[in-house]
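Shared chain: subunit A. Partners: subunit B in the first complex, subunit C in the second.
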Partner chain A sequence: MNGRETRTALAFLAPSLCVIVVLLAYPLARTLVLSLYRYNLAQVLGKPARFVGLENYRDLATSPFFWHVVLATLAFAGTCVVGTLAVGTIVALALEDAFPGRSALRVVVALPWAMPAVAASIVWKWLFDDQHGPLDAFLSALGLHAFAGFSWTANALVAFAAVAVIVAWQTFPFVTITLLAGFATLPRSVYEAAAVDGISDWRRTCAITLPMLGPLFLTLIVLLMIWDVKVFTQMYVMTGGGPGRGTYVLGLYAWREGFASVHLGVAAAIAAAMSALLAIFVGAYVRLARGSTA
Partner chain B sequence: MKRLALLLSAVMWTLCGCDRHEQPTLSVWIMRPGNIAAAQAFFDAESAGFERTHPGIRVRVEFIPWLAAHDKLVTALAGDVPPDISELGSTWTAEFAAVGALRDLDRLDHRLGGRSAFVPALADAATLADGHVYGIPWYAGTRALLYRKSVFARARLEPPRTLADLARDARALSDPAQGTYGFALMGNNAPLFYPIVWEYGGDFAAPRDGVWHSQLAASDGARKALAYVHDLYRDHTAPQGAITWSDLDGRSAFAQGTVAMTVTGSWALASMFAEHPDVRADVGIVPFPSSRANAGPVAFVGGSHLVVYKRSHRPDLAEAFIAALSRAQAQRRWATTVGFYPGRAALVRSTIPDGTTVLESRVFADELLSGKSTPPAPGWGEVEGSATIPAMIQSVLSGQATESAAIAHASAEIDAQLDPDL
Partner chain C sequence: MKAARICVALIAAVFAGFPYLWMVSSAFKPDAELFAHHLVVWPRHPTWAHFGSALGSAGLGTAFANSLIVGFATTIVTLAVAAPAAYALVRYRFAGRSFFAGTILAVQF
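Let's turn to the complex of A and B:
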């Protein structure tokens, strides 16, 4: 490439570079810089910010609570991914074969994905309500009397599970739609050969369809993991981090430090740590994407 | 032609805008009460009166929602555009004063009668360790115990006077199999917990050499208080889900008959009875129980102050407007409008907030004049913002931590929040 070509290339790239710098690089750099400062309410109100180097990071690294939140976030995200994949796959398989009303159902299935997370979470909070929620009423009507007045938010593990249900419910359409698109790309010839061999539907699904979509599943796992590590809204609405600090995830922790306690430096350090964690998954995703196009 | 007219009107607009800007304006931020129409009418009248006695001055009152207020004020201060006057939650005054955002109001306070003229807890909360007064008490509020008369009559019980009575009654009135419970033990409601700690002789924070420290572990009071609520919860005197309940959740469970007792403030009564008119006659109101018989309760008193910001260009006018709002007549009218009590001590007993009877209002009034506020520490707002106390209670109720472990954890958190160097 000669100098002139380079200049032309840069000129063409300039608009998108501007957008990237303004929307991505600046906030990221600002967060990293902020994470090196003591920046509390007094500093927001005009006291000079005090440079503390890596102190915010050191405090986090030596805080058992931070590591607890990291592990809880990963375990929670992992659970969400498994649940989302399971539901999404089952629904995709059910919608694969033609039946009357399938097109309409495919649209309906996409609705949870289209619903704003706050609205969905509030609706689920009502469904899960221990005094008037239909879920408890339904379960106890089935004869499961332990669920009469059962609180889904009084115990951290149960609350995590309940929020995982909300997250899975909201994200499974993405898996379903992706898989339906994936099904369409599979070569017909393999299925024809299988039909000649008289293979059962169940075997066909387990031995042909799903294994052939392996790379697609890997991509889905990584993408879902990235989303689910970042879960905030559902947890904020449903538990607010409680009981105690039992259902904190990284996003909620950063928010609480930044906006409830006005420790912006610490919040920035948590956000940076979270980005580092996510970078691992993003790296995996990039490698997968490269592999599939190579 | 049309275009010219448009241009002209735009120019006129701009000119008017300039003109308006020139007119000295006193900007006032008030917390938005539920009864917004009455609040608007009140301030329309007060502003008009002030503008009449101070020709050329315009008073602009803005109502901001409580939940967004702290953020909005911090943002305005960071951007160097605070209002001249604002209402502040009584626990925020020390916080804003300590970072140098507020003007000291010693002279105005003195003119209005000084400490003894106001509800003591609110006057304390407005006075910083440096001895200066940074806020004028605006309105005060406290919580009392609400009980269902018919439920108590059926069980042949008297409303509780001591914490031991409360526990006994709560147990007697609970029947989890029927879905009815004795007491709304709200795990997300720190003000319910404050007086229990005080009753057991505990406290939350105290200054030492000018720096505030957690007092939770300094005596056995907080541990006993936690053990008390833990016992109540373990014995199923409240629904399992109450661990995450707020004030509102407890009130609606009480109105619907799920719980026989709850704790709430005078300001919540009018709307509760408007929504459930059928329960009005069945509700009794008594002081929150104390630890010993025949001893008055130590209630938690909250409320708000009016403050003047250092950046105000018209501090004298701002003080004059606060003085006008502190007139007996104005204070009483505003308090009645929002369901609270006036910040002026002399008016407390003669105020009957909407939703209360004369006798019931006496219960709140007595509590107000003898009650306490949370520590007037600059960092206490952060303790509240971080929900440290509810987290401590919930971790005990849910069995995640023992009483001592939860106290140790909360103490460390509070110490960090109160340390001005952190």
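Let's turn to the complex of A and C:
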């Protein structure tokens, strides 16, 4: 390492640093500054913004609703992570060994990952529709008459569950594909030794495959947590935060405060709080990712 | 055991594929079948009418062209910016290298 090499390296890095500063650091800094101001409709229309220090943060910290949304977001994200991991892992194990038609099924199973979140949410909103949706029709045809005309968005908990299904549907292929790639990296010798010992399929999965992929699972959990804490699209399309404010998550809350109520300072404070929450998980992810590549 | 795996894989395929199937079949259903009192799984009188209005009044053509422009432009700019950075991080050892690597990894969210 010498000065010349460092200069060359920095020259190569300069474009990406510019992008990071202009598109990330600047908006982030602006958001933090904005969160220290009262910036409502009057200020948007030209009145000078008033510096209020940490007032927006203090209001949030003393608002029971804010803490309710933080907890709801974490609980919702946690549920989505568990559901997505469970479905993704089971499907990966089902597709682990060759059988006729496996490659076709692998493609079909990967499809949800390819659909844009807005499109997927609209399709699922239609599937969940209480008047014209196939899900209610199917369930009531099974004899569950309580589901005839059942609204999936009238009760907050049910609505959270419905949105969790959409999120899990979209993300489980990522888990499955990652795990299938992970299976391929495990040393054959261990499996050969186990086969000599006459191990059962079940024991092979629980005692060898899954434990050996422990680090991969850890990375998956952190990644999914980051994505699911940030959830916005599916919730916005499916419930819009309703019934009432029953299915607010942090992203939706910030958006509503900012662009529906025009409390931009408060919205910026929520966004800052959300970023701080996410930073914990992102920090964990960066550590894990470095550990596996360095 | 093998039968169980195939069963699970098939159920997963239905779960993953059904929304696609419903999206495509609904695209071809005339309004009367979309909003029918009883459920219509497969269109009985398939129609291209919705595609016509998507291309016409809904402006799908413009949106599609915009997507392509944004997609191509983003790809080119991203490659132009990221490729030198990747080269620098792999090829050179310099002060702050792991800091830059960590920053780039962290800001992807």
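Just so it is clear, the second predicted complex is superposed on the first by the 283 of 294 C-alpha atoms of A that agree within 3 Å, B and C clash if a C-alpha of one lies under 4 Å from a C-alpha of the other, contacts with A are read in each partner's own complex, and residues count from 1 in each chain.
Quick note on the criterion: contacts are C-beta pairs under 8 Å (C-beta built on N, C-alpha and C of every residue); 3 or more make two chains touch, one makes a residue touch a chain.
Not measured: the values here are computed from a predicted model.
Enquirer: Using the superposition on chain A described above, determine whether A:244 touches subunit B (first), subunit C (second), both, or neither.
Expert: Only subunit B; A:244 stays clear of subunit C.
Enquirer: Which chain makes contact with more of the residues of subunit A, subunit B or else subunit C?
Expert: Larger number of subunit A residues touched: C.
Enquirer: Regarding the shared-chain residue A:21, is it in contact with subunit B (first), subunit C (second), both, or neither?
Expert: In the superposition, A:21 touches no partner, neither subunit B nor subunit C.
Enquirer: Given the touch rule stated above, what does A:280 touch, subunit B (first), subunit C (second), both, or neither?
Expert: After superposition on chain A, A:280 lies in contact with neither partner.
Enquirer: Applying the touch criterion given at the start, work out whether A:75 contacts subunit B, subunit C, both or neither, answering first, second, both or neither.
Expert: Touch status of A:75: no partner.
Enquirer: Quick one: classify A:226 as touching subunit B (first), subunit C (second), both or neither.
Expert: So A:226 only meets subunit C here.
Enquirer: Which parts of subunit A are touched by subunit B and by subunit C alike?
Expert: none
Enquirer: Residues of subunit A touching subunit B in their complex?
Expert: 38, 40-42, 44-47, 129-131, 148-156, 239-246, 256, 259-262
Enquirer: Going by the contact rule set out above, which residues of subunit B touch subunit A in the complex?
Expert: Spelled out, the residues of subunit B in touch with subunit A are 71, 74, 77-78, 80, 95, 98-101, 176, 179, 187-188, 239-241, 243-244, 253, 256, 258, 382, 385-387, 390-392, 394-395, 397-398, 400-401, 406, 417, 422.
Enquirer: Residues of subunit A touching subunit C in their complex?
Expert: 1, 5-6, 8-13, 15-17, 19-20, 24, 87, 90-91, 93-97, 99, 102, 105, 108-112, 115, 119-120, 123-124, 126-127, 132, 134, 137, 169, 173, 201-202, 226, 230, 278, 282-283, 285-286, 289-290, 294
Enquirer: Note which residues of subunit C are touching subunit A in the complex, please.
Expert: For this pair, the touching residues of subunit C are 1-2, 5-6, 8-10, 12-13, 15-20, 22-23, 26, 34-36, 39, 41, 80-82, 84-85, 87-89, 91-95, 97-98, 100-107, 109.
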